[in-house]
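Next, two complexes with chain A in common: one pairs it with chain B, the other with chain C.
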Partner chain A sequence: MLDSSADTSGTGIGKFLTRAAHWLLHTQEGVLFFIVAAIWVFLTIQSPVFFTGRNIGVLLSQVSMTAITAVGMTILLISGEIDASVGSMQAFVGVVVMSVLNSTSNLALGIVVGLAIGVAVGLINSLISLRLGINSLIATLAMLSIVRGAAFGFTEASIQNTHKIPTFTEIGNGFFLGVPWPIIFFFAVFLIFYFVLSRTTFGRFVHAVGANPEAATLAGIPVRLVKMAGFVLTSVLAAFSAIILLSRLNSGQNGIGAGFELEAIGAVLLGGTSLSGGEGSMVGTFLAVLLLGTLKNGIVLLDINSSWQVAVTGLIIIIAVLLDARRRRRLGQD
Partner chain B sequence: MAVLGKGNSGNSVLARGLARWLLTREAGLLILLLAVVVLFWILEPSTRQQRVYWDLLREISPNLIAAIGVTMLMLAGEFDLSIGSMLAVTSVTTVVVFNGTDSMWLGVIAGLATGPIVGSIHGYLVTRQKMNSLVTTLGSLFALRGMVYVYTNKTPIVDENGFYDFQDAYYNNLGPAPLPFVLAIILVALSLIVLTQTEFGRNIYAIGGNETAARVSGIKVNLIKFILFVICASSAAISGMILTMQTGTGYFDSGSSGFELIVIAGVVLGGIALSGGKGSLVGTVLGILILGMTAKGLRLMGVNTNMQLMVTGSIMILAVFMHSFHDRISIFRKR
Partner chain C sequence: MPSVQKPLLQLTGIAKAFPGTKALKGVDFSLRAGEVHALIGENGAGKSTLIKIIAGLYQQDAGTIEVEGKKVAFHSPADSLEHRIKVVYQELDLVPDLSIAENVFLGNLPKKALRAVDWQALYSRTSELLLDLGLDIDPEVPISALTVAQQQLVEIARALSRQAQIIIMDEPTSALSQTEIESLFAVIRRLQGRGVGVMYVSHKLDEIYAIADRVTVFRDGEHIATEAVADTRHKDLVTWMVGREVKDLYPRSPAVRGDVLLEVDSLSGGNIENFSLNVHAGEIVAVFGLMGSGVHNLGRLIFGDMPRAGSVRLSGEEIQAQSPMDAIRKGLGFLTENRKSDGLLLPLSVKDNITLVSVNNYANLMVINGQEERRATTDIIKKLSIKTPGIAQRIRYLSGGNQQKSLVGRWLLEDLKVLMFSEPTRGIDVGSKAEIYRLMDDMAHQGMGILVLSTELPEVMGIADRIIIIRQGKSAGRWISRQEANEQDLMTAATVQMEKVI
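For the complex of A and B:
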């Protein structure tokens, strides 16, 4: 991952420091890390509440849904495809799972049904994009409408929690050894797919397929299968996010998740993953999600008009992309 | 086709031309549009009145005008996702200046000026700073909307002077045609001439087709892209102005329910390639009309607003599939 020209010194610590400096100054991850660190320091000074276990727990729980979906989206984008339908999934999975839980009182069944919807929508997305040869942005934008329509077709009002299963409430609100469950899910998903992407054959296939599909085909990589796995993975993780969200809201709402797709895709792009495929970083996605969550949290803590959340999110995206563009140009001139 | 074109008489030339035209994307879209109209004609009696279609054209004008800019930009291989937020920027600016200056014309000028200003910023960031336009304008989608929220505190701004001339411009007709639609058609015609008859237009296609080749052959790629970003944001500003005329208020949430997605859907349905360089403005107009007619027909049938989404989505897939199918046939025919 790191440029070999960076390590010039002999000693272990020196080598580590040069590598760290290179990472900070020359990668999108480094730029993001720098921005996040600066904001964290600023907020710690400005608000006594910010750097407390409780607040950090709230911050990370709030971003866990976007983060889990963004992990799948990172892999999909690296493979050269995109899924815009994840926003409507939040609503559709939510209403269906809640109604299954209400009628069966079986938590495992509800979760299985929710994840199965993820698999089904992922398969439909890959079928439309890969078999019919329709650009995946358009195919999944259409699916965004269709899945939203399905959520509204399923129920005209929101579905309340009448099953009162305690474990269900725990998913989004409970703690394990003092750590909120959403954070555990978020970190587990992140770590698993970080290793899948960087250490497995599948991960290398994803990069190869996105960088050059023709070359990948010639090299005997099952291009369609890899992309299909990406679609299904993204959809299933979106469904997982939806179940956590459902537990936190405690009701299935057919209008929830509008704009969720922009947040998830925005975070992945902000993290330095390329739209054209073949290039991307799971760590970058993690830092980008953290950055967006920190901004929202900070605005609330500093008691700033909440309308600023939207504006600041946009400005930060622009600034991060600007910094990345400048870095690329500087490296190009070197 | 070869069977049709043996003779040299006027009739067979005409038949040949017709046959060739029937195989184009535009013809396919026109047939799809007619099919949608006929379908609703059969299913929903209220669509059998002429009034419905004039209303449709009035309502669809903002989408049409915004789609012109989006089309030109996408032909050059760039995007603008911020057009939905632009509507609110224009709307709020216009009415704020109305109230501040008590002058209708100053308000209109100020509102329209937001287009070139925002467009120049996009153009600068993309052409000078080499930023990816999709992500940059995704950022300004949030930034512009957020600034409008902060400025208005999420309350609509009422036109205190009640400029009726301003609102009439939306509801008045020129002959049978709604004024906004007349404006849209004029802008479409002008843009069509620019795209097909001028060097500027040919350069746009060249950039979208192969940017490096275009640059090497001496086309001022950055300048043209900059102008296109200004055109795109300006056409969104005109759309925002028309929507402001409709309600007479500066609305902070104008265009927030996926305006950019509907317009881009129409443009792509019309056959503009996402990678740039391919497609025509006529296709865009047909694409926007198909989506508009579908939504209106379903609304008249009393179909749940959100079930309309499902149908619109399905039509998009159908149409894009049609394009790719069409491409395959064209390749087949050439062999």
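For the complex of A and C:
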């Protein structure tokens, strides 16, 4: 992640410090890290509860759904596309999975159905965007309404848990070796896709099709297939988030997830992923999600009216755009 | 007038760095009133960075700018305009849908009471300015209706409307015809007569001799020389720019002609009709045509980037239509004429750009072996002497010549039979040109076939073993060998015959 302009003179610890200072001050990840660290110090001083295992667990669990979806969204944005339909997915997948569980009492089936909805919606999104050539922001905004409509069409009220499968409740609320399951899912998804994005040919192709689709085509890269994989991946991870959310709420609600898409996309942009495709950072997304969670957590701890939690998303997007402008200026891209 | 005149513009010790590169390492430049001072240098020499600093788009890291002896600091383009400096960019920044007059006075419209635009004054003043430049045209016409040459004059009119005393022209002739160039020079001389200082940035040396009084050469961000043009030999300029003598621009040496590799038969598509050609191992074959002849489409058709009829075979195997992937798999590579739009991944590193096609070769189950990939990249960078601070440098920051070499390197990592180059040296400097031609010659000697698609006659004659001409999408005549090629005949054959309409 280090820029090549970092001063590489000196040896050992001096070199390390120079590089660390450069990372902190001159990269988007570094700046984000700095901001998060500063707020953590502030909250630790302000509230005795903040820096406790319990609270950090709550904080991370709360953002795990956004984080898992944002991981897919990072890949999709780097490939030059976007998916705004992930918000409604939280509701639609929720109501369908809960009713499957209620009627079959089969957890595996429920999860498979949920993820299959992810695959299906991802395919539809890529079909509209790539085959019909409709800009993916418009296409998936339309899908945001359609999927929400499907959730309302599926049920007029929320669907309560009547199946009594204990493992299901564990997904969103249980612990493994003292760590909440949602956090384990979040970290696992992050690590897997960090690797996929930075170390595999698929990750390289994602960057290439986002940076210059024509050049990628002429290099023999199957541009549509790569983008389609991005759409499906994002949608499947959104469905996975929906299942965790469903477990935490213990009921399928057709109105849930409004604004979720803004939160996920905002985090990705704040993490330094470019809206124009071709560049982005999984670590940046991770730190941005952390910032989002910290702000929300801080609002609660400092006894600020919790309605402001919703406004945090807007704040995140503004910071994202400001940091992006700053970075562009520095790189001399005008 | 004082006897010792202060220069209009004096730049001293200007330095500017970008991540990973020092674009300017403390350069000087001065411009006197009534002078045309040319600034030349290869791509990456730092010319554009200097222009942007003078225009107020970038701020220098070190050094001073003086206008008429007074030290100034430019924080924005407005500051630069304030000091009556106007830059006419290669890519003109006019608003196409507005009228000529509105463009000339953009941001500076003549006003009446209540801040309403004084249209009458606007049009009459624009007409005056245009006539002054020898352009007799209605100022209400939208910019989009003008030729590039006319648009350029509008830019100059814009400069005059602001009483500019320093005009900077960045590669002004790149899109102009010969007659247009001459009328532009007439305008420059008229400006000169009025005491305007003109900084003329170019890498076309003939133009320097035609218009400039003094010439300054930059190389790799450093000031190499400033001389009166009259005292400078052409050869010296080239040596200063390149840093060494360019002895042989076209190093083509005869290679053993082997079996036929590429066979294109009755190819049609786009504006191409029924075009056939073949390329043998060890051979450099060129298709020459004028702009619009279809010479560029030919590459896309053969490579499968455009729908086609007819057959394309490589070593006897048919290449699927509309599948660059299949073409590459069978051993065909293609460098297009548009480096930026079809070749480069600007936000990505030099390494990622170079290994774009071959990355699968360093991967196991999709996981890239980073060490192998880095080694392959480093080899290519050494072999092609690509100038970059490191393999992680973003390709955006490399000069045009080094970008083009990286794209050639992309194909060298594949085991190709035939490589097609469309305009192999467009927009790159003399030194890089010679290196690209040498690479082509090497590849031919190693038994590859090279197909060059070009609109540049000297290039085609200098590098190809066989030449065929394309005119209006059709093959014009027979193959011409290197020995029998002459400029006159090729040009005549490529030029469309105007038929008389009865």
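Here is the rule we use: the second predicted complex is superposed on the first by the 309 of 334 C-alpha atoms of A that agree within 3 Å, B and C clash if a C-alpha of one lies under 4 Å from a C-alpha of the other, contacts with A are read in each partner's own complex, and residues count from 1 in each chain.
Heads up, the rule we're going with is that a contact is a pair of C-beta atoms (placed from the backbone, for glycine too) under 8 Å apart; a residue touches a chain by one contact, two chains touch by 3 or more.
Here the structure is a predicted model, which is why all the values come from computation and not from measurement.
Participant: With both complexes overlaid on chain A, does A:139 touch chain B (first), chain C (second), both or neither?
Facilitator: In the superposition, A:139 contacts chain B only.
Participant: Could you look at A:204 and tell me whether it touches chain B, chain C, both or neither (first, second, both, neither)?
Facilitator: A:204 contacts chain C only, not chain B.
Participant: For A:322, using the defined touch cut-off, is the partner it touches chain B, chain C, both, or neither? Pick first, second, both or neither.
Facilitator: Touch status of A:322: first partner only.
Participant: A:308 in the overlay: touching chain B, chain C, both, or neither? Say first, second, both or neither.
Facilitator: Only chain B is touched by A:308; chain C is not.
Participant: Taking the superposition as given, does A:278 touch the first partner, chain B, the second, chain C, both, or neither?
Facilitator: So A:278 only meets chain C here.
Participant: Just chain B (first), just chain C (second), both, or neither: which does A:222 touch?
Facilitator: second
Participant: Could you look at A:214 and tell me whether it touches chain B, chain C, both or neither (first, second, both, neither)?
Facilitator: The second partner, chain C, only.
Participant: Go through the superposed model and pick first if A:149 touches only chain B, second if only chain C, both, or neither.
Facilitator: In the superposed model, A:149 contacts chain B only, not chain C.
Participant: Among the partners chain B and chain C, which is in contact with a greater number of residues of chain A?
Facilitator: The larger set of chain A residues in touch belongs to B.
Participant: By the touch definition above, which chain A residues appear in both interfaces, chain B in one complex and chain C in the other?
Facilitator: No residue sits in both footprints.
Participant: Mind listing the chain A positions that touch chain C in their complex?
Facilitator: 3-5, 199-202, 204, 207-208, 211-212, 214-222, 274, 278-279, 330-334
Participant: Note which residues of chain C are touching chain A in the complex, please.
Facilitator: Checking each residue of chain C against chain A gives 17-20, 57-58, 303, 305, 324-325, 327-329, 334, 336, 341-348, 352, 356-357, 359-360, 363, 366-368, 370, 389-390, 392-393, 396, 410.
Participant: So in the complex, which bits of chain B are touching chain A?
Facilitator: Listed in rising order, the residues of chain B that touch chain A are 125, 129-132, 134-136, 138-147, 149-150, 153-154, 261, 264-265, 268, 274, 304, 306-314, 316-317, 320-321, 324.
Participant: Any idea which chain A residues touch chain B in the complex?
Facilitator: Against chain B, the touching part of chain A is residues 128, 132-135, 137-139, 141-146, 148-153, 156, 254, 262, 265-266, 269-270, 275, 305, 307-318, 321-322, 325-326, 328-329.
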